[in-house]
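The two complexes that follow have chain A in common; it is paired with chain B in the first and with chain C in the second.
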Partner chain A sequence: MSGAHASSTISAEVRHVESLLEARGLLDPGEIDTRIDEFAAKGSPANGARIVARAWTDPAFAERLLADANAAIRELGLSMAGGIQEQRLKVVANGVGADGTEEHHVVVCTLCSCYPIALLGPSPTWYKSEAYRSRVVRDPRAVLREFGLVLPESVAISVWDASAESRYMVLPRRPDGTDGLSEEQLAGLVTRKGLIGTAAV
Partner chain B sequence: MSRINDVGGMSGFAPIVEEPDEPRFHADWEAHVFALNGALIRRGIYNLDEFRDAQERLPVHEYLAASYYERWFAAIRMLLAEKGVATAEELAHG
Partner chain C sequence: MADRFAPGDRVRTRSVDVAGHTRLPGYARGAVGTVVELAGRHPLADVRARGRDAEPHAVYHVRFAAAELFGAGDHSVVVELWEDYLVEERA
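Moving on, here comes the complex of A and B:
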């Protein structure tokens, strides 16, 4: 009840600020709606999923992606420069590392909510919550378990703390039994949580 | 000095709650706040670091009580006032 009231109050306040800015020539009429539509059309986890599927099917691309993600995603027509300034993207791969240890990666922004929005769309509320931000760096294994991802003790977990300039995306491990699938079908297996690291795929 | 947003490693927050089929925005005004911020940064009224800094400067009780986009909106109004675009009073009328 109070929530609905608060929401209508803040809606009116936001509209008020918009009209004030329009009156002062700092906002064009219709500009906000255009930006909302453009954003809805662009950022979606389908972009991240396409990157993952390409990396699973093209080892040379995977190598380029892990070496320089900003350059590699341009091959797919994607970019981290859509916002105000280009953000550095690092893609971290789940799987067996060079030393033979199985690794799992998970992403957070402990200070706020930094996230590769161009590749994943808007982040879920839990990603932005104090609950997730505070705990995943202290006890990642327990947090992942709460998300239903139970990792054996032998799996090393790395937590990547994003910043305004550096964003991270997880390259999940390709599931077994997917040899016959097309790139498009593989992309369909990838979830937003898989790209953040709170799910296996 | 760390600010209230620097929560990495802290204990005592509520459990993590996942919302199934969460919408992109929970209300129209959230989408408006999102787009408004982008428009103001693009116009050079303030930059992304100033915007983050403004959120981090919110009074602690306000920061913790606010939802994500409420924080954004509070930071936008704070910056518009500080940059002299409008007075706090002009911005507060709704």
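Moving on, here comes the complex of A and C:
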């Protein structure tokens, strides 16, 4: 984990490298901030919510989403290609699986703070905290309980650690009693925590 | 290059603690898990972190039982691992 690095030391080193790149004409002044702002501006949990609402209302889309999320989200005009290279997106669905077991998924990045920014916006502070990153892999049931999500013992929990190049998003269960809602109304029910797996919807 | 592993294969992760950057989390060292699926091909982060170019290598989602990783727990953890970290585990 990165706990050994004082963040102020890292920040100073990053600023130093940035100023060297600017001094040598490899970067325009402020270019990194501009690029980050451009990248983050398109990212919002509303994107993830749209994907979920479509999957809830269109079973064929849900199937495509779970098989090849990068291709499926392009149907909604969304993409994981906002950064340097297109990132692989893996969507995991909460609910009863083929073997009859109910499964709940939750996402973490134990090594740093990898997160699907394009679909969820900037990550919440707790997602980047050492407490969340180190504990959710070891005792997810207790961590979820602290988030207010109490899962029956019969629910199998899978923790997805974004340790390489993929980014993960959870497809929450559609709440009961929402049959009459439109796709847009359904999207309004979906929360950021629901997309990470630290809450139900 | 042919894929070394297929979904359902049992694999064991490297147990040595390498010097420098790696994306094999410490908690998943020397553990036996099951391949979920191929997650694309990417240059090995360990090599890239040393400033060198690298050929893309296969990356897999590998599922571990919590008890295998931590000695306790009824959940599972899916870790994304380069093939370089994995060897086949024979039953």
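Everything below uses one rule, namely that the second predicted complex is superposed on the first by the 158 of 201 C-alpha atoms of A that agree within 3 Å, B and C clash if a C-alpha of one lies under 4 Å from a C-alpha of the other, contacts with A are read in each partner's own complex, and residues count from 1 in each chain.
Rule of thumb we're sticking to: contacts are C-beta pairs under 8 Å (C-beta built on N, C-alpha and C of every residue); 3 or more make two chains touch, one makes a residue touch a chain.
Since this is a predicted model, take the numbers as computed values, not measurements.
*Asks:* Pick one for A:D161: touches chain B only (first), chain C only (second), both, or neither.
*Replies:* It touches chain B and chain C both.
*Asks:* Which partner chains sit in contact with A:L151 here, chain B, chain C, both or neither? Use first/second/both/neither.
*Replies:* neither
*Asks:* A:A93 contacts which: chain B (first), chain C (second), both, neither?
*Replies:* Neither partner.
*Asks:* After lining up the shared chain so the two structures overlap, which partner does A:V137 touch, if you call chain B first and chain C second: first, second, both or neither?
*Replies:* So A:V137 meets both chain B and chain C here.
*Asks:* Who does A:L111 touch here: chain B (first), chain C (second), both, or neither?
*Replies:* both
*Asks:* Applying the document's definition of touch, where does A:A40 land relative to chain B and chain C: first, second, both, or neither?
*Replies:* Touch partner of A:A40: chain B, not chain C.
*Asks:* Between chain B (first) and chain C (second), which, if any, makes contact with A:I32: first, second, both or neither?
*Replies:* First partner only, chain B.
*Asks:* Output the chain A positions appearing in both contact lists, the one against chain B and the one against chain C.
*Replies:* Residues 110-111, 137-138, 161, 164, which sit in both footprints.
*Asks:* Please name which positions on chain A make contact with chain C in the complex.
*Replies:* Those in contact with chain C are residues 88, 90, 110-111, 137-141, 153, 156-166.
*Asks:* Provide the residue numbers of chain A that touch chain B in the complex, in ascending order.
*Replies:* 7, 9-18, 20-21, 24, 26-27, 31-33, 35-36, 39-40, 83-85, 108, 110-113, 121-122, 124-126, 128-135, 137-138, 143, 146-147, 161, 164
*Asks:* For chain B, which residues are in contact with chain A within the complex?
*Replies:* Touch residues, chain B against chain A: 5-11, 13-19, 22, 24-25, 27-29, 31-36, 38-43, 45, 47-49, 52, 55-56, 64, 68, 70, 73, 76-77, 80, 85-86, 90-94.
*Asks:* Considering the complex alone, what residue numbers of chain C touch chain A?
*Replies:* 23-25, 27, 39-40, 42, 45, 59, 61, 63, 66, 69-70, 73-82
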